[in-house]
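After this come two complexes, each holding chain A, first together with chain B and then together with chain C.
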Partner chain A sequence: MTAPLLSVRNLEIAFRSGRDDIPVVRDLSFDLGAGETLGIVGESGCGKSITALSLLGLVPSPPGRVTRGQILFQGEDLVQAGERRLNEVRGNEISMVFQEPMTSLNPVYTIGEQIAETARVHFGLSRAKAWARAVEMLSLVGIPSPNRRAHDYPHQLSGGMRQRVMIAIALVCEPKILIADEPTTALDVTVQAQIFDLFNDLRRDFGAAIILITHDIGVVAQMTDRVMVMYAGRKIEEGPVADFVRDPRHPYTSGLVSCIPRLTMPPSDDPEPLFEIPGVVPAPRDLNRPGCPFAPRCARVMPRCRDENPGLEPLAPGRMVACWQEQEVAA
Partner chain B sequence: MLQGTLNRLVNAAILLVAVLVLNFTLIHIAPGDPVEAIVGEMGGATPEMIAQMRAQYGLDQPFIVQIGTYLGNVLTGDLGMSTYYSRPVTGLIAERIGATLLLVVTALLVALILGTVLGVFSARKRRSVLSHLVTVIALAGFSAPVFWVGIMLILLLSVSIPLLPISGMTSSSADLTGIAHVLDVLHHLVLPALTLATIYLAFYSRLSRASMLEVLGSDYIRTARAKGLPQRMVIYKHALRNAILPVVTFAGLQFGQLISGAVLVETVFAWPGLGTLAFESILRRDTPTLLGILFFSSMMVVVMNLLTDVVYRLVDPRIQAR
Partner chain C sequence: MTDTTLAAPKPVSPSTQAWRMFRQNHAAVLGLAILLAIIVISLAGPFIYTVAPREMVWMPLTPPGQSEYVLGTDYLGRDLLAGLINGGRVTLAVGFTAALITVAIGITVGALAGFFGGRVDNLLMRVTEFFQVLPNLLFAMVVVMLFGADLLNISIAIGIVSWTSTARLTRAEFMRIREMDFVKAERSIGAANGRLIWKVILPNAAPPLIVVSALSIGTAILFEAGLSFLGLSDPNTTSWGRMIGDNRPYILDSPWGVTFPGLCIFLTVLAISLIGDGMNDAFNPKLRER
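Presenting the complex of A and B:
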């Protein structure tokens, strides 16, 4: 078996608060193969976004930093890499599209320049060549009259168009990995669909592996090959996307899947209430107590869950879950 | 664009007239007039002579007539005659403006560049020793009175360590020309410019630090980093251009207020600029000169505000003429 493109090993990311390091991501390991699409799912604050930033060495520091573990990109540990090396990787081999297209572009430079400078920095292209490349990218991401639009400033574009520009920036150097952190959360539903269509086309054309971070299970089902569920800074389930949607194992995952509202025909006058998982994600500070972090909210909690934290155990090839009940059933 | 500029010019003209009226009224209300000052210098005069002098300067007219005459004269570019020098005020201002501009522009440029660099640095290395040092120096520069800073610098750099001349703009002993003259003036310029720059520097370093901190936390800076741009490009290309707007605003305002900023420094260092002239005019009850300088400085404020708007539009494409 060949080594995966990206292999994260026992990653721990902590934020300093006063004199303590409070871990927000704990013991996280996952692999990403070339050309694969991995979904990372979880509620706000579960550590998805900070994990994504850590892959680029962009954890805001201080107060945050990677306190343990490795991020092996083609066998090279990026945690140990210096700023100069990281700058070679960023935007070139691993690039990222952010959640907020409205504020993620620099307001004082044209969009053409913002795409072109990335190509200049990484490929050493001349101004003219980089500009031509920027225009080409704009047309690839579906922006009409790219020649003219390249001279526009971000404020002259809609949110959907700006996100297309962000994608153009991310892809201009044909990276091996594209990280998309909730790329459509701030956009209208119709625009969301367009952006995901674009992702699918670009995945075909560029062959980049994609890490898609979202809390939208529907998007995960459509877009990804494999899904990893995070809760309170830990991975609690992982598996192929079909299994994840059809047969979620962790009580939290089944809760998430049940949360998708379904349109029933005919619409009843007295609809069932929407499903919700009771309670809230525990604060990182409260996670030092023993037991499963999900136990206080779990409908199927057992006495053991409150005392011991279950580790991730394989259920089937490529399928893992961190839940005592599932592991006991499987054993 | 043209409409907007036109609107601004009309507004500016109305503002200038209002300032003129206000200045004239305030000085009129204040006790004492030029004639009293002249009589004081002459060591006394008969009531007839005083009345005659008042008539000569139009001071015997009702207030409305006086202000009307003055406004009319200003409109034709005539700022009146100095009662002390017996020369046109416009000529006096023209003579002095060069020295003031030299002082203020030098101080402002030094403060602007150095202040921005220090501000950017202390925003990037928030916990470093230098950052704290900048904060302390800025606070000191902020709160110390200008004249005190000037006097302390004189004591240090002219008296204790006699490196620089104490006052004036040229060495009175030598009659220098050419390069030697320029160097002589620059030699005299160092202390007053340094004094004035200290005050401005405090503002700019604090302002650019705060502005830079805000910009560095923004999403587009995260994007710039994620693109793999080198640190200097992130800071000086992506962050600084966004962070510089408040600094430009402030520089525009301060440059407009150059006279008031320079009065104390010019007085302490006997720098022959407009500030000294304004200060002396107050002591001499030289109303026309004082009014002229005040009018001239309000013109500077207006012009600088217009220029600041232009710079805005160059820096930030989102700002368009309203």
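Presenting the complex of A and C:
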């Protein structure tokens, strides 16, 4: 088996609060192969976005810091890399599309200038060539009459169009990994479908691996090859997407899957209430006590769950879960 | 029905938009006209009105309108009009140079402090405070007396006592913009710090900075007048402030000797203030029509 493109090993990210380092991501390991799409799911505040930022060396510091572990990109540890090297990696090798297309473009430059500038800095293209490349990228991400639109300022475009521009900027250097942090959360559902079609096309054309961060299980099922579920800064389940939707093992995962409202529910005067997981994600500060972090919210909690934190145990090849119940059933 | 599909609005750059707003402000346009007139007269005037400003040409303290020198003469019999025309050059030169120094120091210090934060910010802000608590006029006088009263030294002296407020404003703008999503996005595609400071954040911080820079020209002109009035000006040149200073002892006998240069300073600073106000409105997106 060849080495994966990206391999995260025992990553711990902590934020300084007063005199303590509070870990927000703990002992996180995962791999990403070339051309693969990995979904990272979980509620708000469980460490998805900060994990993504850490891959680019962009954990806000201070107060944040990678305190342990390795991020191996093609064998090179990015945690140890200097700022200069990271700037080469950013955009060139790994790039990111953010959640907020409305505010993620620089308001004082035209979109053509912004894409061209990126191409110029990374490839050393001439101005004319960089501009041509920008127009080409705009047409590639499906912006109509790109020649004219390239002269537009961000405020002249809709949210969906701006997100396309963000994607164009992220892809202009043909990175090996594209991280999309809730790329469609701020967009209409119809636009969302278009953006995901675009991702699929681009993956095919550019061969980029995609890390898709979302809390939308429907999106995950449609878009990804493999899914990793995070809860309170830890990975609690991982597996191929089909297994994840059909047969979720961790009670948190099955909770997430049950939370999807179904349109096929028959209309009635007394509708079934939507499923919800009671409670909220615990604050990172409260995670130092023993036991499974999900235990207080778990419907299937057992005495053992409150005392010991289950480790990740493989269930099948490529499939693992951190839950005492599953592990006892398996044993 | 007209064909609306082809009538896509032509993209308008932010500076074009600001200029359109500016033109609607009559006071600002008037200010701009006055300033341009003063600049043109100062630059071209000495070639057209060729009386030497420092030669004694007529009876001392001649009132306006009583000789071929229409604005009269000063206590040494020098032509006041020639003094005003030539003094404008010096006053404007010192004003613009000092403002340039003010803005260069202020923006650099403020940008570095606001962008890097932490220790850099702490250090630079303590330095800024040091300059803030110095008595401006006294410090500038010391600098000029130590290094000699030539135009460059005077400009530098004015620059180093007036950059602090520009630095504070720049710092505040940088701290605000630094946290914005597009800065994060630029970082994520590999923009280094230098690029983030000068090409990403600074253009977004520009509007208020342009306004204070323009206003600092007016402040610098007043400052120069003050120094000249106290006798701290280049003895080989004529400036409006120096004219006021020179004619001060004769203010009761010939008030025109201080009135005309005072009026020139007033008009110039007023024009700059009007322009500054107009720019402030023009850059304010809330007042700008879409």
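Assume the second predicted complex is superposed on the first by the 329 of 331 C-alpha atoms of A that agree within 3 Å, B and C clash if a C-alpha of one lies under 4 Å from a C-alpha of the other, contacts with A are read in each partner's own complex, and residues count from 1 in each chain.
Criterion: a contact is a pair of C-beta atoms (placed from the backbone, for glycine too) under 8 Å apart; a residue touches a chain by one contact, two chains touch by 3 or more.
Note that the structure is a prediction, hence the values are computed from the model and not measured.
S.K.: State whether chain B and chain C clash or fit side by side on chain A once the two structures are superposed.
M.R.: clash
S.K.: For A:Glu36 in the superposed arrangement: first (chain B), second (chain C), both or neither?
M.R.: It touches nothing on chain B or chain C.
S.K.: Quick check on the superposed pair: does A:Arg148 touch chain B, chain C, both, or neither? Answer first, second, both or neither.
M.R.: second
S.K.: Could you tell me if A:Asp243 is touching chain B, chain C, both of them or neither one (first, second, both, neither)?
M.R.: Neither partner.
S.K.: Quick one: is A:Glu326 in contact with chain B, with chain C, with both, or with neither? Answer first, second, both or neither.
M.R.: neither
S.K.: Once the shared chain is lined up, is A:Glu182 touching chain B (first), chain C (second), both, or neither of them?
M.R.: neither
S.K.: In the superposed arrangement, which partner chain does A:Gly91 touch: chain B (first), chain C (second), both, or neither?
M.R.: After superposition on chain A, A:Gly91 lies in contact with both partners, chain B and chain C.
S.K.: Going by the contact definition given at the top, which residues of chain A touch chain B in one complex and chain C in the other?
M.R.: 56, 58, 62, 83, 86-92, 95-96, 98, 100, 103-109, 118, 121-122, 153, 166, 169
S.K.: For the complex, which residues does chain A have touching chain B?
M.R.: 56, 58, 62, 83, 86-92, 95-96, 98, 100, 103-109, 117-118, 121-122, 153, 155, 166, 169
S.K.: Report the residues of chain A in contact with chain C in the complex, numbered from low to high.
M.R.: For this pair, the touching residues of chain A are 56, 58, 62, 83-84, 86-92, 95-96, 98, 100, 103-110, 118, 121-122, 148, 151-153, 156, 166, 169-170, 173.
S.K.: Under the stated contact criterion, what part of chain C meets chain A in this complex?
M.R.: 8-9, 11, 13-14, 118, 180-182, 184-192, 195, 200, 203-204, 206
S.K.: Once bound in the complex, which stretches of chain B touch chain A?
M.R.: 127, 218-220, 222-231, 233, 238, 241-242, 315-318
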